[in-house]
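First chain A sits with chain B, and in the next complex the same chain sits with chain C.
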Partner chain A sequence: MGKKLLIQHVNVPNIHTLQVYKENGGYASVEKALKSMTPNDVVEEVKKSGLRGRGGAGFPTGMKWSFLAKPEGVDRHLVCNADESEPGTFKDRYLMEKIPHALIEGMITSSYALGAKSSYIYIRGEYFYVARILETAIEEAYAAGYLGQNILGTNYSLDLYVQVGAGAYICGEETALLESLEGKRGNPRIKPPFPAVAGLWGRPTVVNNVETIAAVCPIVMMGGDEYAKIGIGRSTGTKLISASGHINKPGTYEIELGLPVEEFIYSDEYCGGILNGKKLKAVVAGGSSVPILPAELILKNDKGEPRLMSYESLSEGGFATGTMLGSGGFIVYDETTSIVKNLYTFARFYHHESCGQCSPCREGTGWMEKILHRIIEGHGKPSDIDLLWDIQRKIEGNTICPLGDAAAWPVASAIRHFRAEFEEYIKNPQGIKDVKHYYNVHQLA
Partner chain B sequence: MSQETKFNEETLATVNKIISRYPSDKSKSSLIPILHIAQAEFGGWLSPETMDYVASILKIKPVEVYEVASFYSMFNLKPVGKCLLEICRTSSCWVRGAEDVVRHIEKRLNIKEGETTPDGMFTLKTVECLGSCGSAPMMQVGASYHENLTLDKVDSLIDDYRSLGKQRSYTDLDYKNTL
Partner chain C sequence: MAKVTIDGHMIEVPDGTTILQAARMIVEDKDYVGANIAPPTMCYYSKLKTSGGYCRTCIVKVTKGSEKDPRPMPKPVASCRTNVMDGMEVQNLTSPDVLEARKGVVEFLLINHPLDCPICDQAGECDLQNLGYGHGMAKTRYDFKRRTFQQIDIGPYIKLHMTRCILCYRCVKTADQITDTRVHGVMNRGDVSEISTYIKNVITNDFSGNVIDVCPVGALTDRTFRFKSRVWFTKPMDAHRGCTKCSGKVALWLKGTEVLRVTARKNVWGEVEDWICNECRFEKKNIHDWTIEGPRHIERQSVISANHYENLAQLKLDVQKQQKQLSALK
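Presenting the complex of A and B:
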């Protein structure tokens, strides 16, 4: 059993209440940080911990914090990115719904470290009921003196608010999120300036994912050095993984980074194996944006070594044979899954979610959806595969924000690893109904 | 502006509380939360009158409201049924049978995706990932997540919503799976 730092108490009855959360060690990091550490001490511990952003990009959190500009007389803000919208990802929802105080405690300790006096949790609009849970928990925290003026009798004061979005994947991109928080369309900003210098209302701002902020609490309690001993190499600590698709036990799991992928899929402690005893065909390991890998490349890397759930191991081999840990949205596909149809659902998603600012993404995602639609409807042409490849290449790297890349990578990887299935689908759209035949038939680009 | 497009005092108090979360010169930040309330209060969609009214509360130009309302998929710019059935169809839901759910509802209500039943009770909409991948297939109705759907479960939900006769709005719902 791996170490658990975030959801170890998830099954304690009423853990969503402040009282029970406190009885299980909650709010200790606020006490410790505010009473015995300077803000800079907290930043140093986070740096030492090696914590990396849990939203998908994996950028070192301590470094991000140290970039925050601190001009005299200008308010700065911590904004929590709870706009969880990456297909396959639902771990932040689980954490906020079950243990809302874990996020609130992290927000207080992190806001103290950054010197923020008012902080915001931006949550996707569809998670309205979760926003209500958070608001109730925030009221409890105010009543208990963890929020508001002079927290725990110290001279640190903080206000914390929840803001709901209204259905836009792009608002998970941090500058689009800030635009949305300002009451505008969620169009990503050109960087620089980075939010650390000019973020919310032009003020210095740090935007962190829910899980990242929650992880600050155990880091403060155990110290950065101890936290860094958990996990493997530069993938320190634990990670919440959202597991879905054709598995026996879908759900959110906390793993110690470095767990073998094979164990994660087949062990009863986690996914519990493939549904109905079928064979594994492919996995999207870190949310819809990361490259899909066929069974043999997700279980072992191209050198034949076991693939581990870590930033480094999953990306071993680059995009030719590897993928990314991403957001930890782990989608498993069995041997009956049509990779072509599945890709169509992703292409439709990115077309729907493109904000429309940059032509390559706005037009390209639409073309990819249309071409894939014509293929699955049985009207594909053999040249469509190369056309899709060409379009995704022209999107990647040519847009203001990473949504363009996120739309390109699933298309590129599906063609790279399952080109034979695309060819057969186009040649014989009726016969391809039994896609089992294409299990492990792939060509590496 | 028509007579009825106006928040009552209680709602206005909630709106003012939301505005107070932001610095006094940044009240536009409260636009999205207020649009949610306006949509729930004024028939489940944002008419031009409703948007103009919200603009007047925040003292911003109407176009600043239109451009936001048209960007976000949760805002309906056309009338919808009392119950908006939103079925997720992205990858994880697709592999666990979302298409069957959509076809079943289409047959049951005799409408196509995007249409409203003649009695104005139900609108069927397909949506992209709602973060319920581990409990797929799923359907959102108002603020409620209905998960691990079976066709039987879908039938009984439709019956329940029909007998309720109205949509519970975002402002009077506080927990999931409460109809």
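Presenting the complex of A and C:
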């Protein structure tokens, strides 16, 4: 049984209300931070904890906080990125829906650490009902004196706002999120300047993922050093993983970083094995944009060591044989899955979500989708595989924001590890249509 | 001041200069002999704030970040939006990776661009044509249907042919920055994004015609000139008139004594020198409205120079310059 810090009380009845949340140890970090710590102490604890961004990139949170520019007389902002739109990821929704106060408590403590007087939660449009849950919780927090003027009788005042987006994937990119929050079209900005210098309305801003902010509360309570003991190596603490696909128990799980992947997939505590006793074919370990890995590479790395659920272990071997922890969207495919069809779904998504600012992503994503559509329709050409490879290579790294990379990596990894399947689709289109096991039988049934 | 080396040419530039501007300074500096090391641009426009960074044709490789931090930058960077650092070393034409990536960008720009140059008014002075010749491939690998849009008349003078647009955002920034009210933006997203005047509001501003000049392709064209002539059959002349709204310094495009078109004067980088008003551009089509200064200088590489009588004198100058450079090399 791994240690749980974020969702240990998730099954307590009415945990979404402030009173029950408080009875279970809630808002203690606000009391501790505001009454006995300076903002710098909090930043130092977060630095010591080794907490890394849970949104996908895994950048050390303490370092990000210490980069925040602090010019005199200019407001600073903390923005929570609740625009969780990565396909396969639903951990933030689970946390906000079940324990909204965990996020609000984290927002207050983190805002205090950064000296922000107004903070924002930017939530995706599809989560409108979660926004309502959050707003109710914020009202409760205002009534209890955790938000507003002179919180808990101290000098610190904070206003917290929830802003609902319109549901664009690109608004999960931090600068596009800030544009959208300012009321503009959600296009990523060109960096530099980074948000830490000029973010929301040109003011210094920190943008953090929901889970990152929620993890600040246990760090303040137990101390950074203690938190750093959980996990493995530079991957400290716990992580919410949203497991989906062909597994017996899909859902959101909190794991200690460093859990073996094999245990996560097959143990009854977590995914509970592959559905209907089938064999594992492939895994997308961190949301749709990270490289897909075949079963033999996800369970063991290229040196034959067991792979662990951690930032380092999953990226062992680079993109040739590794992947990324990403946002923790763990998608499992059994042997009946068609990787080519799955890739087409991903490519269609990225084509639909490209903002259209820079040319490689705008034109390349559409092109890849059209080629993949042609292949699964049975009209693929032998040259299409190399063409796809060349297109993704010319998108990756050449775009303004990481959406281009996110569109390119799944294509690259699918061709790298499952090239034979693409060839089969092109050589024998009719055969593919007849052979039942290439279909996702679970979705058809 | 910062010292920056681009393709082996070193120059000292003020802090805050971008790599692209530094490269252009090197080219403008007559001491340097050789290829044009300034990266091509499709969206960057030095006169428009916050322009650039979108088209990715100007990407370069930074092999040394700065004197303090000599690590190379991990990805190719957009030279138009990256400031130089002291001791920076940049590769443009000398890096095969950059040329390869740029070839990719050109291909991306062209996959949804119609190959209607034979009927396009921009042909002959089109940045995308030049870019395609300079950095593209001879054949396309794209064999799907291209994206198309209906043509829109933006007011009585400007035609928007969205099918040809490469979404450089220059016209959006022009409408934003030289006119008071923003009536011109982008709708939709991805490869179906569309330049729009937001439900066809007509641009009535006096300087709206400048969006035609900043357009690198034939997406925004002059309705008073459409299909009148190929641009290389016209005679470009520098001319001016006393205008109360703008500087009145323009380029006339003549056929005989008939003024077919009036545009702003563009410098060697294809950028407008002075914005001109709609009255000069669209309404003064009589040669007696203008004081002619003389033939306009046209680059020898341009197709427009083919029948241009300034050409002979220029050719002589160019040959002299080349001989001088060759003897200097010996």
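Methods note: the second predicted complex is superposed on the first by the 432 of 445 C-alpha atoms of A that agree within 3 Å, B and C clash if a C-alpha of one lies under 4 Å from a C-alpha of the other, contacts with A are read in each partner's own complex, and residues count from 1 in each chain.
The definition used in the following text is that contacts are C-beta pairs under 8 Å (C-beta built on N, C-alpha and C of every residue); 3 or more make two chains touch, one makes a residue touch a chain.
Small disclaimer: the values here were computed from a predicted structure and weren't measured.
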First, second, both or neither for A:R185, with chain B first and chain C second: both
Chain B versus chain C as contact partner of A:P193, first or second or both or neither: neither
Which superposed partner A:L387 touches (first chain B, second chain C, both, neither): second
Which superposed partner A:P402 touches (first chain B, second chain C, both, neither): neither
Contacts of A:G245 with chain B and chain C, given as first, second, both or neither: first
Which of chain B and chain C A:E363 touches, first, second, both or neither: second
First, second, both or neither for A:H352, with chain B first and chain C second: both
Residue contacts on chain A - larger count, chain B or chain C: B
Touched partner set for A:G115, first chain B, second chain C, both or neither: neither
Residues of chain A at both interfaces, chain B in one complex, chain C in the other: 168, 185, 352-353, 355
In the complex with chain A, residue positions of chain C that touch it: 52-56, 59, 75-76, 78, 81, 100-101, 104-105, 107-109, 111-112, 141-142, 144, 166-167, 169, 185-186, 188-193
Footprint of chain B on chain A - complex, ascending: 84-90, 93, 124-129, 132-133, 161, 163-169, 180-186, 201, 242-246, 250-252, 284, 288, 329, 331, 333, 337, 341-342, 345-346, 348-349, 352-353, 355
Residues of chain A touching chain C in the complex: 168, 170, 185, 190, 351-360, 362-367, 370, 387, 390-391, 393-395, 397-400
Touching residues on chain B, where the partner in the complex is chain A: 21, 23, 26, 28-33, 35-36, 58, 64, 67-68, 71-75, 89-92, 94-96, 127-136, 140, 143-145, 170, 173-176
